[in-house]
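These notes open a run of structures that come right after.
Same chain, two partners: subunit A is paired with subunit B first, then with subunit C.
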Partner chain A sequence: MSDTNAPRIAVGSPKARHILGFEPARFVAFVLFVAVVALAPMVVYPYFLMRVYCFIIFALAYNLLLGFTGLMSFGHAAFFGMGGYLCGWAAREWGLPFELAVLTGTVTAGLMGLVFGWIAIRRTGLYFAMITLALAQMVYFVALQADFTGGENGMQRIPRGTLLGFFDLSDPTILYWTIGVLTLFSVYAVNRIVHSPFGQVLRAIRENPVRAKSLGYNVDRYKLLSFTISAALTGFAASLKAVIFGISTLSDIDVMTSTEVVLITLVGGIGTIFGSVVGAFLILSMEHFLAPYGPWLLLVEGVVFMLFVLVFRRGIVGGLQDWLKRPL
Partner chain B sequence: MAEAILQARGITRAFGAFKAVDGVDLDVREGEIHALIGPNGAGKTTCFNLLTGDMPVTAGEIRFDGASITKLATHEIARRGLVRSYQISSIFPAFTALNNVRFALQQQRSSNFDFWRSELRLERFNDRAMELLEDLGLAQWAHARAGDLPYGRKRALEIATTLALDPKLILLDEPTSGMGREDIGRVTELIRKIAKGRSVLMVEHNLPVVQGLCDRVTVLARGRVIAQGNYAEVAGNDLVVEAYLGTAHA
Partner chain C sequence: MMTRKLLCSVAVGALAAGPAMADVTLGYLADLSGSTSVLSGESSRVAIEMAIEDFGGEVLGEPIELLSADHLTQADTGASIVREWIDVEGVDVVLSADNSAVGLAASPILAEAGIPFLHGASTSALSNDQCEPLQIQALMDTYGLSRAITVPLVESGNDQWFFITVDYAFGQALEAAGAAAIEEAGGAVVGTVRHSPQDIDFSAYLLEAQASGANAIGLATFGSWQVAIAKQADEFGMELPLVPYFLGITDVESAGIENLQGIRGAVQFYWNENDATREFSARFAERYGRPPTFTNAMMYETVRHYLESVEAAGTTEGVAVNEAFRATPIDMIRGGTTTVREDGRQIRPMLIYQTRAPEEVTTDWDFFEIIGEADADSLLLPQDQSTCRLFGEG
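Moving on, here comes the complex of A and B:
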């Protein structure tokens, strides 16, 4: 790994005690995000917010792999798409309650991640990325051809059901709070994973996989577990999205979805926790406001992508944490 | 005579028709510092790669500490107590120096897949990590970013990290390469110090260092062992003189 991409704040710098597992600066960011979740629906359309939250979870999952393990996947749309389809299918055809439907989507994506990862970790770098892309394209083809996905029409009429058999999720307020709390919990959980003994190994693998191996770590097994967790969390995000909007479509499983999460992660900040939050808000807002201009959106996204790759590789939150000298 | 902790028999590595290492026999005895020398391209680093499992052997057998390790993966060999350092300092640049060492200490515990626990649990390794840093004169840099350390210190940090595993046999690949005279003196002292209670196998180009430090020497040329013995024996060997001078004048 080249040193120029590495974070400037050293991992393991002496620090104050953690609060809820967050370093103090990150805890402040978390409190701000709690405030946003609580107050934003008064001024912003809640369904837009919930869409953003799903992509925050998706980006957290992706960042776990790219930012904290150093593995670049171009195949995450497969987990996002299939997670959504299977959650929808479980809710509509099997009549499973909300929790079990979401669990079905999550586990499906996790198992796919296990298979994808098992094949892809045999190679590194560009080849790793290309294997994930190829596998995802095969899954896209299956989704396009299979009957159960509804093909071009998408899987429609996915029921929301009730939370814990009691709270009716067709009530927008209850739905919003359910999704909001699950998103906050996802931020907490990913921060916990990154700052666990396991996360320490992942970051060492990102820094120097050869050395990690020579120090006695079974690097492939850690990579595989990281990939599987990332895929499962992606499936979780997709399941929530399917339940919120009542539909899963081919656009979720399209390669554009894979590039979208790369863009969110890059703009927010690779290897940061709150980069996923900021990136998802920015990119989805941009998509929302530019939607009326059709293909111009792609052009703008391309320019943004190049801008960040060329002059601002640490991303917005990455740049901010370098400036504050605190991990965010 | 002490028991050989590492025994390589007929190890060979072929790249197509070219044999980079060709039927090498090598014994490292318990407690000795053993040098592997030879002209450029003799196969020294390839030999290391075979011993640590970084590269599979084409033929031959390697036994370490009484058991065959020929077919084991790198991380399994490391766990048995055969740990290497690399020719180009191999550290975790974004970690603090302390965390570099702590990461190696962490390996010997089994909780490394615990993704739900806090990393603050790892602070119980801090004292031992500090001791190791002190041993290598790195205490004042404990909280510095490892990537920012000067070259010689990175080298020392890598050795501290290797020592953290408490290996039975350390493989050092050109520990003094690219160093000035003062650094060389310090690293030589260091190797002598760490060799207490363990064995060392090192690739080294600097012959005065080998002479002053090593109990026995194995000389490789074109993938084969051409001489083995103590420094004086090897230095007087005609084949060795030819291999060195022959390439030097070519």
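Moving on, here comes the complex of A and C:
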């Protein structure tokens, strides 16, 4: 790793004991996060927490691509927006239950990811980012004009339905625990993906695609799969958000959403699991508490972005991970 | 397992814990930083504060508290704020939400919670498919906006129309309603262009309008686009009359009256109409440094009537207040009263104005000359065309 700008990711010794697939330090972080999910609704407004959880899943998906595969996408808002719209449409117009509506949003985003990825992975670096951005802008204008999205009025009255046909999700308590558990499961799942043989290949591609290819791996195939998984998980996050808030709007599919997830990932730590968690909490809290000050929020976000890029490029969890010499 | 259950039950307690109900709490959900912030935003909050003060600062012996928040013109932000106001602040009424997307998103949440929603969105959907028993439209809807000026112009000979429309739902709805009104009145639409929200150069559209043989250009757009179109039309020296649907005195101030002279339109409130409006406007200007726009005035009237309704009902409970709100006519600042129809639409006339020439503007902000009035009933969507389910329920 001669390039000092490349993220240094502590992988951990393969001999280390794993608990639930987590390395010990990560497991401690996971337990802490479980505690936060369990205790936070007593002091923090639950709908705010659920919003944060959706963005944690979104950031995990993004980090899988940027941090663990080394592909920088500027088009994830397209998956986030369309995932939400399709989930909402499935729940409201087709009357599908919660699980199937979320699945619809997830699969839609995944299929879009497959197409986007197929086009974009032919290029790398800046060109890759530009292609994803261009495709996402096309999707944005489709969403603006298409009838089913409601244009700038958005899609409203998305029903929450019931979980497994039994738990009524319009009860905020049941909704909160459902979303909380799904978020914890997402953290677990992404950690498993990263530590699977598939994840090892992704990391090899990130470090040196040419060498990975010379070892006989079909690099493009792996990149495409990583892109598709990332898009699908993004659609999953968006679907949950659509169900929680009952709406799906253009702001989800706007380019600002793409930059927001970049910011969350950067602040938390690129190539970490719990960076997504810390980053989402931090950025969304900032948005929540600075909302009354309108345009100042954008200014503060810009300053935070520059600060992290200039002096703290590893992000909060990334820095902590370097200091502890443990993967987080 | 035991601890798990304990945690669950504590969390349930936290979620279900009712908010404190002491004060009468008004929530003003506004665009404080976006495209309508100059027209409404901060200045409408001043108007609401004025209404509260004029009422004496308390109702039913409880102090009146005003919350305000910026929805950033994002529906999900607006919806989250409304939800939090209901759950945490125990809000008694939500005001404004002056953006169709935000209004449409807030509507079902407030309806479910049984809290009155006195909104300032202009989409007709909120008094049709999405009408709610406790929901009242404080501003004119797109139906009324599109007819108020269109019909008199067609009748006075401007019967060939060309539309420049902002290419999304608000513009399309305004254009569709305007075109229907034109055809009904015996005119015709000879051409339409849709401009994208990114457009800043409208010269091609204006030339197309000129070539189409139209004798009026309908501007189914608003804000900075409208100002840009007016300025560019002036640069071309175009003689065709521009017809804006949604023009406030603040837009004229920022565009400059020299670019907007001789334009005819309709507005719900004009500060220099009569003695009563002048008296109100002087008091408003003392606080805010300029006369009130129509949105400011509507918020004042609505809040004043809401507080009277709370007093009449003897409670802040949504259903009772709503009943009282609809049972008594709303006093207009300009004199006279309006009432609320079943679908939540206020039955309200509009003033027809013509913008003055720069040399005729002798007082600051006195840009309009009122030349007529559009009858309230002519601006109401006929009941048989409405899709609101509340008609006929009694």
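Here, the second predicted complex is superposed on the first by the 316 of 328 C-alpha atoms of A that agree within 3 Å, B and C clash if a C-alpha of one lies under 4 Å from a C-alpha of the other, contacts with A are read in each partner's own complex, and residues count from 1 in each chain.
Throughout what follows, contacts are C-beta pairs under 8 Å (C-beta built on N, C-alpha and C of every residue); 3 or more make two chains touch, one makes a residue touch a chain.
Quantities reported herein were computed from a predicted structural model and do not represent experimental measurements.
Once chain A of one complex is fitted onto chain A of the other, the partner contacts of A:167 are absent, as it touches neither subunit B nor subunit C.
Of the two partner chains, subunit C is the only one that A:45 touches; subunit B does not reach it. In the superposition on chain A, A:176 contacts subunit C only, with no contact to subunit B.
In the superposition on chain A, no contact is made by A:312 with either subunit B or subunit C. Of the two partner chains, subunit C is the only one that A:154 touches; subunit B does not reach it.
Judged by the touch definition given at the top, the superposed model places A:211 against subunit B, while subunit C stays out of reach.
Across the complex, subunit C meets subunit A through its residues 7-8, 10-16, 32-33, 68-70, 72, 74-77, 79-81, 83-84, 87-88, 100-101, 104-105, 107-109, 123, 125, 130, 167-170, 172. Residue ranges of subunit A in contact with subunit C, taken from their complex: 38-39, 41-43, 45-48, 51, 144-145, 150-154, 156-157, 172-173, 176-177, 241, 245-247, 249-252, 291-292, 294-295.
Chain contact summary for the complex, subunit A toward subunit B: residues 1, 3, 6-14, 18, 21, 192-193, 195-201, 203-204, 207-208, 210-219, 222, 225, 229.
Those residues of subunit B whose C-beta lies close enough to touch subunit A in the complex are 52, 54, 73-76, 78-79, 83-84, 86, 90-96, 98-99, 102-104, 106-107, 111-122, 143-147, 161-162, 165.
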